[in-house]
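Which chain is which? They are A, B and C, in the order written, and residues in each are numbered from 1.
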């Protein structure tokens, strides 16, 4: 196109507008925050600019006559297995801008998805399967350190037993699925309200992320996990006491080893008030916590937070899944954490350098099995609960994660998809047409918290039902019986090494 | 009575309510025909108005007031209050197009018909099984049809 | 009888609907001097013009009276009210008791003393009988002179013209529509009428109506010396409150029947509403007779509710007129010709003669108190909101109003929510 860099035409998407169906009603024009659709005064009709389309499908979803289809641009570069189009496009872009490639959402790169390479067992004849519609099925999960043994005292007069062992604080989940840490700022207040309401309604938890917690949401505190990250945004005594648990964020699966950067444009008055940073200023989370350089430092922070919450909240430590994840997890357990959250490399992000997102970290499946095994081997598995995160797509993934050793999972990307996200990956622009990764009031109101909360609660319930079905099929009536029960898993089409790391047999064995 | 309540906090200004309105009030009941043909030929127009100001927008239509100014102003008997349903009913055959109602309604909920000396006003999609079309079409729950008092 | 209403116009309809909001049972008696059921009085110009038939005149369907449990005594005049005994006497010799009485006798045409006006072919134009007479004569009439360039006069002229009559309208003041409109609006309306073929002459009036020896009407001598030949003269200078009945019954009157903020007259159990009443004005906070359709209904409605035992305060009359001249719509609401020497008023006017579009906005301090629209009237209601609800107009909103784009989003937030989306409290 005229007046544009040549490579502007190597765009990703094409907008197909069916002239028989398009009535020029401008709904698409009003919906597209990237201005890919526009009203052409001269032609007196709605036109579009394919180069601006990010493939979010908002226009297609709202087009009242189904006149729109968003397609990948069919144009091909010469086939080259090494120089795939994405590399060419990235190089063109960087040659123009000289900047780091930014990306949003989880890594799309083609690395094995082990969830798809694992299969579940089911009962036949012996140990018969259970119908969850007829029999009780227990999904209740407690997160927190479990005692090694229980001591009781007996009242001599009444003969009643009483628990002597003092239990550490626990999080009680009706379903082993929680809404993952997505900060207020990265996503907007309406979605925080929705997560808070849905978590309360379904008896689970949502995580504030590192952006603090707005005072008006304190009332959902019993279903809130408050996060403390390297930027310490919004962290104060009331905040630490407002949630049912505290999570120290050390790392994030999508961008291990680096910090975060919430651009000033996303810091509006409410975000500013909650994060305790000035309106419009960038909120930068450092890569490391400047007070943690060792397991001993971590221990200090864990206990500082326990102290701050008067030992009423369990403390979680979240790390990205990296090469030595098992050893790190062991250290975290020994440092006194009640919960360890491991975030795999496919976890989402509001913004990360694409190179880091796509090349750093390891898949959650491998990390999870190794952490669980290591903690068992060291005899400290009961000291901590393990929460898996990063690329959990369905209840099948949830149940496999639990069989691999997780106590519960976090869902982030799935949460956003439930409220409309199409993973277009442009979260970092602040122009999310679905009103998710944006604080622009014109866009954020596209998320009505009433509707969003309902959808999120529906998702949790639906997955809960499916988990019950699958558990019943395996002849189990409690999620507890599946935890770390790798005998219920078999691998398909993966190598001996992978099987070994996952701790499972190959299908057929 | 059940009324349509617009919520400006969540109105996204998509104008789908207007399209639903003209479809529901069209002869063809087909959006494409209604929008392309009936709108131009028969002056079909939506009973809704979408107002936008900065980031805020809202879709309004007749409130079916308990004591409507339009009925007070109507010189022809074309507008009256149905005591049974509570609706403010418009009888197009009686209307002479004097625009008194349009002047008197402080809610701006009455439009002139584009081609005839008649008005266009929300009838709550009377007779439509699913209730008002605008409410059904709103993608963001910003229009509610409910009983409040 | 629990409720008796004298008069069968729009105030009476308002009263019936007001009473029935509160009291669904007790019988209502309406006594009307005219023979026909309540009709839309402004519709007589549509009838005369041939735009509607007589079947479209009724304001409410026949079953309205049955459903509302109202008995009608039409063609009957009340000749006396005994406010002590609570009795009314009719010209049919009946006496009727009342508990609550509403006087809604409306207005009567004002006829100035013009020599020659007594006699055939001089008419008023305020009721159905006038219209019917003119219709029956229309074929014989070639030329008509209408005295009075106000709303009624212009509509009468327009309707006669539509019947094929050559019409000249006389207006004593320098322009037509001097009460409800300003110069620009009047000029646009006048131009439209002239364009269609009516003759409008301002600054002159009728000095004498000329008749021949048989008394047949020949024409009108004007104050400027001209003589206009014509077959009929329509006197449409205005209406005055029809309060003689009340006055001679000892009920307090001033320019109209005096009423308090509940539409009560000075006599116990007697209310008044409509063109006959002198009620509180919304903007001026003083009692005035504003013979306007909407006020009549609203006053009747308020009176009706109070007659039925409610305690309702009348919010105040607001002058408003909507009238079209051959497809050119005009609207005026509230104060449109503010006193020129009062600095608290600010007037903004936008005239586009080519497009026949005019917008005049009158502010008093930071409130919109009146407006005139010609041509482009679609946003009228939104302006009315600011006048009627007396919402202050902040500076930024003023710009938008001046630009002709008033809307509901300019309302104060709480008022907006109470109006449009009441009872919604977000849980967080």
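Here is the rule we go by: contacts are C-beta pairs under 8 Å (C-beta built on N, C-alpha and C of every residue); 3 or more make two chains touch, one makes a residue touch a chain.
Since the structure is predicted, the reported quantities are computational estimates derived from the model, not experimental observations.
**Q** Which chain pair racks up the highest number of C-beta contacts?
**A** B-C
**Q** Kindly work out which chain lies most centrally, taking the average of its C-alpha atoms as its position.
**A** Chain closest to the assembly's C-alpha mean: B.
**Q** Which integer distance in Å separates the CA centroid of chain B from that of chain C?
**A** Centres of chain B and chain C (C-alpha means) sit 28 Å apart.
**Q** For chain A and chain B, let me know how many angstrom lie between their CA-based centres, rounded off.
**A** 44
**Q** Please tell me the distance, in whole Å, between the geometric centres of chain A and chain C computed from their C-alpha atoms.
**A** Centres of chain A and chain C (C-alpha means) sit 68 Å apart.
**Q** Would you please write down the residue numbers of chain A that are in contact with two or more other chains?
**A** none
**Q** Mind pulling the residue numbers of chain C that touch at least two other chains?
**A** If we look for residues of chain C contacting two or more partner chains, we find 426.
**Q** Chain B: which residues touch two or more other chains?
**A** 9, in rising order.
**Q** Could you list, by residue number, the parts of chain C that touch chain B in their complex?
**A** 10, 14, 17, 20-21, 40-43, 46, 51-52, 56, 58-61, 67, 293-294, 297-298, 301, 320-324, 329, 331, 333, 377-382, 384-385, 388-389, 400, 407-410, 416, 419-424, 426
**Q** Once bound in the complex, which stretches of chain B touch chain A?
**A** Residues in contact with chain A: 9-16, 19-20, 31-32, 35-36, 55, 137, 139-142.
**Q** Using the touch definition from the top, list the residues of chain B that touch chain C in their complex.
**A** The contact residues of chain B facing chain C are 5-9, 51-53, 56-58, 60, 63, 67, 69, 71-77, 80-81, 83, 93-94, 96-100, 102-112, 148-149.
**Q** Show me the residue ranges of chain C that touch chain A in the complex, using the header's touch definition.
**A** It comes out as residues 426-428.
**Q** How about chain A: which of its residues touch chain B in the complex?
**A** Residue list for chain A touching chain B: 21, 23, 25-27, 30-31, 62, 64-65, 435, 440-442, 445-446, 448, 450-451.
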